[in-house]
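Note that the chains are named A, B, C and D in the order they appear, and that numbering of residues resets to 1 at the start of each chain.
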Amino acid sequence: MKVQSKASVRTDTACLAQRFQQVRSHSVALSAPLSPEDCSAQSMPDASPIKWHLAHTTWFFETFILERFERDFEPHHPAFRVLFNSYYNGVGDRHARPQRGLLTRPSLDEVLSYRRAIDMRVQQVLEQESDASRTSELGTLIELGLQHEQQHQELMLTDVLHLLSCNPMKPAYDAAPRAVRASAPKTQWQAFEAGIVQIGHEGEGFCFDNELPRHRQFVEPYQLASRLVSNGEYLAFIDAGGYRDPSLWLSEGWDWVKREGLAHPLYWQRNDDAPAGWQVFGLNGLLPLDPNAPATHLSYFEADAYARWAGARLPTEAEWEHAASHALRAERNGQASVLKDLFGVCWQWTSSSYAAYPGFQTADGALGEYNGKFMSNQYVLRGSSFATPEGHARVSYRNFFPATARWQFMGVRLARQ
Amino acid sequence: MKVQSKASVRTDTACLAQRFQQVRSHSVALSAPLSPEDCSAQSMPDASPIKWHLAHTTWFFETFILERFERDFEPHHPAFRVLFNSYYNGVGDRHARPQRGLLTRPSLDEVLSYRRAIDMRVQQVLEQESDASRTSELGTLIELGLQHEQQHQELMLTDVLHLLSCNPMKPAYDAAPRAVRASAPKTQWQAFEAGIVQIGHEGEGFCFDNELPRHRQFVEPYQLASRLVSNGEYLAFIDAGGYRDPSLWLSEGWDWVKREGLAHPLYWQRNDDAPAGWQVFGLNGLLPLDPNAPATHLSYFEADAYARWAGARLPTEAEWEHAASHALRAERNGQASVLKDLFGVCWQWTSSSYAAYPGFQTADGALGEYNGKFMSNQYVLRGSSFATPEGHARVSYRNFFPATARWQFMGVRLARQ
Amino acid sequence: MKVQSKASVRTDTACLAQRFQQVRSHSVALSAPLSPEDCSAQSMPDASPIKWHLAHTTWFFETFILERFERDFEPHHPAFRVLFNSYYNGVGDRHARPQRGLLTRPSLDEVLSYRRAIDMRVQQVLEQESDASRTSELGTLIELGLQHEQQHQELMLTDVLHLLSCNPMKPAYDAAPRAVRASAPKTQWQAFEAGIVQIGHEGEGFCFDNELPRHRQFVEPYQLASRLVSNGEYLAFIDAGGYRDPSLWLSEGWDWVKREGLAHPLYWQRNDDAPAGWQVFGLNGLLPLDPNAPATHLSYFEADAYARWAGARLPTEAEWEHAASHALRAERNGQASVLKDLFGVCWQWTSSSYAAYPGFQTADGALGEYNGKFMSNQYVLRGSSFATPEGHARVSYRNFFPATARWQFMGVRLARQ
Amino acid sequence: MKVQSKASVRTDTACLAQRFQQVRSHSVALSAPLSPEDCSAQSMPDASPIKWHLAHTTWFFETFILERFERDFEPHHPAFRVLFNSYYNGVGDRHARPQRGLLTRPSLDEVLSYRRAIDMRVQQVLEQESDASRTSELGTLIELGLQHEQQHQELMLTDVLHLLSCNPMKPAYDAAPRAVRASAPKTQWQAFEAGIVQIGHEGEGFCFDNELPRHRQFVEPYQLASRLVSNGEYLAFIDAGGYRDPSLWLSEGWDWVKREGLAHPLYWQRNDDAPAGWQVFGLNGLLPLDPNAPATHLSYFEADAYARWAGARLPTEAEWEHAASHALRAERNGQASVLKDLFGVCWQWTSSSYAAYPGFQTADGALGEYNGKFMSNQYVLRGSSFATPEGHARVSYRNFFPATARWQFMGVRLARQ
């Protein structure tokens, strides 16, 4: 991940310091409803303990900022350099990913104390740096660290949800209301003409390296659905035997469905006493399924099979971004756009394999290991979810997961020719 | 797989009958150097026994042609319907793929006899059909069956090569000379301008469903290498520590390299007595590595890592097809093209994930299970190899394999911006 | 495996030569009903291809006899030394066991030719050896090689049965009648008193090292069933829910039953049209289950669970051997013994873990790797089966398999206090 | 597990209440050096979280005592009935063993509170029960619950040691001195004559069901080593290439050594700066290896290979028990016995597979699932370790683990003929 420095970096130190403090304390706030045990466990190799998220995001500032900008840098704790490295081979050894839940030491308290110590040192560096060019570079790196931390903030919620779902008592994460009781009006199809479109990040603000360079793509005429597929619609797919009909599935998806014995989205469970016959586990615990709410926790394979069954398909990421840019422009101009829930509800699978844009460049050194090295066998999701931190979403943002991932807040917006 | 019937089907029955006979006997000829045991074994789940290829291609004609066109159709052997179905869920049950090597019955002789019986019945159907529209459909289906068989003819060679490589005695398949002793001249870079290009099958001839529809794509300016990466060049990558440097690899590729302990392409083995220090196992047995010959039996991950190390990248399939069309046009017009070995040496990895073209349609019924259902987590290869049957290659042909596959005749042509 | 030389070795060379010829040709005769493909395939890691059995038993004579007794010994084929070594680490490298089915070369014909060549050389050595002490040692080793070959003769039948069972066409090995249509009379319980008993091989004849030394054990009073558990009795266990009741099973056995989804013995399959509702696959193909025939193809876990359900238990090997010796003595003295089918029907599980007798010694060198190194996590079976070659069974014979093995001809004789 | 009621149960209620309080508080004391995170994690399927041990031992009293003896019994928490059932199929569902570390709820505090509540209720039942026969049964069951808890007390230490060993920081459990700096005098061999011996529990006190019935066995003459194999002796085995010589190993053990890449006991790590070149991780953290201390954390396979290398063997459990009984009798009579460290240092592997004694009976109902169902593919260890609670060891005690288990405090005492 590399912040693109063609953006004019906010050099207003006070402002950055305040933003730093806000983002950093939000991570701690997310752990507030949880016990030390909750924060230490790892429910599967794809997920990480909350404590690990809290420490790793701090490690990021220590490694990429303090080590570079502090005179007489001393590590907070030598062992933390290895324990909280996620996957940066360029930085040195790292602790085996599936063993993160065994790190009962350092304790949650020690990790929180690590956070406070690093926060103070980053603030100090920020205050004391007087060289203008270094201040600019520092600002760039801090911004990168904050964006990185915001990515982990969403993962903290998806990972803890998965952990709590493994507990037969099905405990709620908290009681804050989150249900999006959309009314699920009839889907409308917004049409777009064929032509050369531009996608990729534009303008001065922050973006990740994989959103660049902005470039041209040709899209054939297409239509995009005005809203997300709802639970009720997905239930009709289930009831129509969707999980039992191989002709609806990609071959690999069908093998996966059979091997895992799947018959519904993650976190759904049948309950004859519930209104629609189903309950869904979420951050508020086990609740009746709301047929009007968007269907979520779907894999790429499920999204694709549903789309085929519905006589539609998933959009490409170019189609999604072109349409979303159009809708945002319309909004800015006070015009109506039929496209709803592009952001802030759930991520939307596209049919696009996650790949480099033409002319893609990675940063030098370990920071270059951010996004590029994951460009195989993953699919792009666009938009953002209710768990995405305020201000972190962008029209050019590219989220990506393997075709079987379901524990993120992932849903479907259909397209068709 | 669906033959595109916009093509005018060759209705000359005599001509088709002759072609049928030629293609069908070529498969049997490929098995001639092999014993019944050789033809019955399966060396890995991805490969199939030769006997199975011989039977399955016959099953294809029995199922999709005889069952439809023969009056009073009777199966040659009821059990063969299940045993030799590859993956057509629409047709019924199928034998588990990794168990194909356990089918010691029917014997090779019985399978050859199955072939002769079905061949005679197909020829009879072809002679007796008098209805024009049915004759046209019949011709279309026979052509599809022959193209399908030609695909398996290449697999017969790659699969038997893998089987023989598992034998510590390293027996040769045959003694027919195949070595391509190219001189490996200095690579030249042919440049192409940005613009909208058209890719996908064009014209009247046969193509598979995944080559359609022909459509527009925008390509940024790019350059394509005049020739394939050679063994000598790939050896330099190995000697430079290519297999030990994680910064060159996709994350998933690096995990695979470490897990499998890989340090060279498939079928290479060190031998200090060999001229270049290496031997390579091939259809002619174990031979000294030829530094000028194109490097082959490389996975997508190796191709990608090599390209990164060489300061280049893999082409997209649109770039490859656009350049190859250009070269073919030039040739037809008697002009020189620097692009060599596009066809007939080895398949060339592209950076493109295997996906549907905009507007892609599958055929109805079981035949629709041909290509579309494999459109996930695979990468496209273009061109053809020395093992591709005469007349089977096309500029729009899309071959596809997972990123770790190495047993096909797969190599690398570089691209750059 | 070490022949115990306290046995007086048959020094009659002519007699040994004849026995050699008989045993050796029986192996070839066993392969007669099979095609080259049948002889080359391996259906699971525990089983070996027929061709491998034919070659390995030959390798045994070449390695342990010719290499020692032939002047100017030359291997028949250098590669065979590795390919056909089963597990003798002391002899050198060996081919990976699960890859034996990939050895399509040497062909069956070449293996048969290997057999003929080695046979001739062994016969020659036998004729030419004049030194008395060497002749005695030679005789001992040839006898060991023949006993070893007889063990493989039984495995050839169990392994090919497993292979044929994997073929959906369920082909018969041959049509020779084998069904033991016992009348299954009411079980009688023969009682034995407490006391010190002697077990282990006694006398001059051949035995394996694991049958020695003959030694004392104390047995408490016990009773042994007069006959083997029948299919009908085992069916009652199934029908009573035996495979669904964890209280009947050892913990490890229950985990295995659930993991594998087991509900009946190996080779049984339900068929509502069959008389007893079941068919059983055997060397004669798929036949109706005979309720009077002894139940076979049972694992230790199934044998143990059945015994618990039946209010009995498995005998220890000391109990079995003491009772069987008693019965043989009675027979020799013209007295009746209620104990039936001790030999020649199916092997009988005992509750005894396979372990060394007190004072057990292995042979020096590679031959010492015969039996001792398998003395962990296996259970002893006693008696012999219909597939055990004539003259190979003994009252002190210890067969042994892991608790989940089912593909041998294994059944149950009950004991109780 | 079944307390043998032929033992006269201590009916002195006050005394039992006091013992109850002591044993129960010892478990809590063992968790005192640990954080809530430490108590919640599970480092491998074979080990359990400390919190789970604390809860499960409590569940045992709730299920087998309160449910039976309390009028108007109400479960403390309905979900705990499933969550903290270890393997008693007779009691109902249970939580999957490898998922125990995901039970972050209930918290450690809630589990401690569960303990206090159940303790109070058990004490109340004990005070209020007036019926003499019920008091006797109650006493029996409480004693069984306490013995069960003591078993878990040892597991708490072995399991937490394994967890801490997974942490790269290698934290110590506590600082209490535990090192047994034996002087490792020359081993002496105590000889025992052949004859019928009696083994199994004798007398009035408590024992587990698997120690019964006391019965006769015949042992051939044998000798037993006066002391345990020391680290220094085991180091000589390593230095002599013990882990690289297949002839020393059982076949299954050798496969395991190669598959796992083993070269030393669990918790040993090379460190050139340490006195003997090795460090050992233990409850006090990472310390230099003491050559005089007994070698421990050895699997059965390592114990067996070492014994073979040393020209000796492992004792059978009858040999061990007979010798130990002899030594205890000698001690009671004020006579010297050369046999040292029979108890209180580390458990000692025997060559005996864990099996039922002749006439073994399990208890009725769920309590009968205690020991019998594990009688396959495990080996018996005798004696006790420094971690065995005071008063829990017995000469007839049978501990048992699979042949690859190493995380217990397991060592070797040699035997020979």
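Operating definition for what follows: contacts are C-beta pairs under 8 Å (C-beta built on N, C-alpha and C of every residue); 3 or more make two chains touch, one makes a residue touch a chain.
Owing to the predicted nature of the structure, the values given are computational and were not obtained by experimental measurement.
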{"item": "Distance from chain D to chain B - Cα centre to Cα centre, in angstrom", "value": "60"}
{"item": "Centroid distance [mean C-alpha coordinates] between chain D and chain C, Å", "value": "38"}
{"item": "Per-residue multi-chain contacts in chain D, two or more chains", "value": "none"}
{"item": "Arrangement of touching chains [line / ring / star / complete / other]", "value": "ring"}
{"item": "Full enumeration of touching chain pairs", "value": "A-B, A-D, B-C, C-D"}
{"item": "Chain B-touching residues of chain A, taken from the complex the two chains share", "value": "87, 89-90, 194, 196, 215-220, 222, 246-247, 249-254, 300-301, 304, 313, 351-353, 355-356, 358-359, 368-369, 373-377, 403, 417"}
{"item": "Sites on chain C touched by chain B in the complex", "value": "35-41, 43, 51, 79, 82-83, 95, 99, 101-105, 107-108, 163, 166-169, 171"}
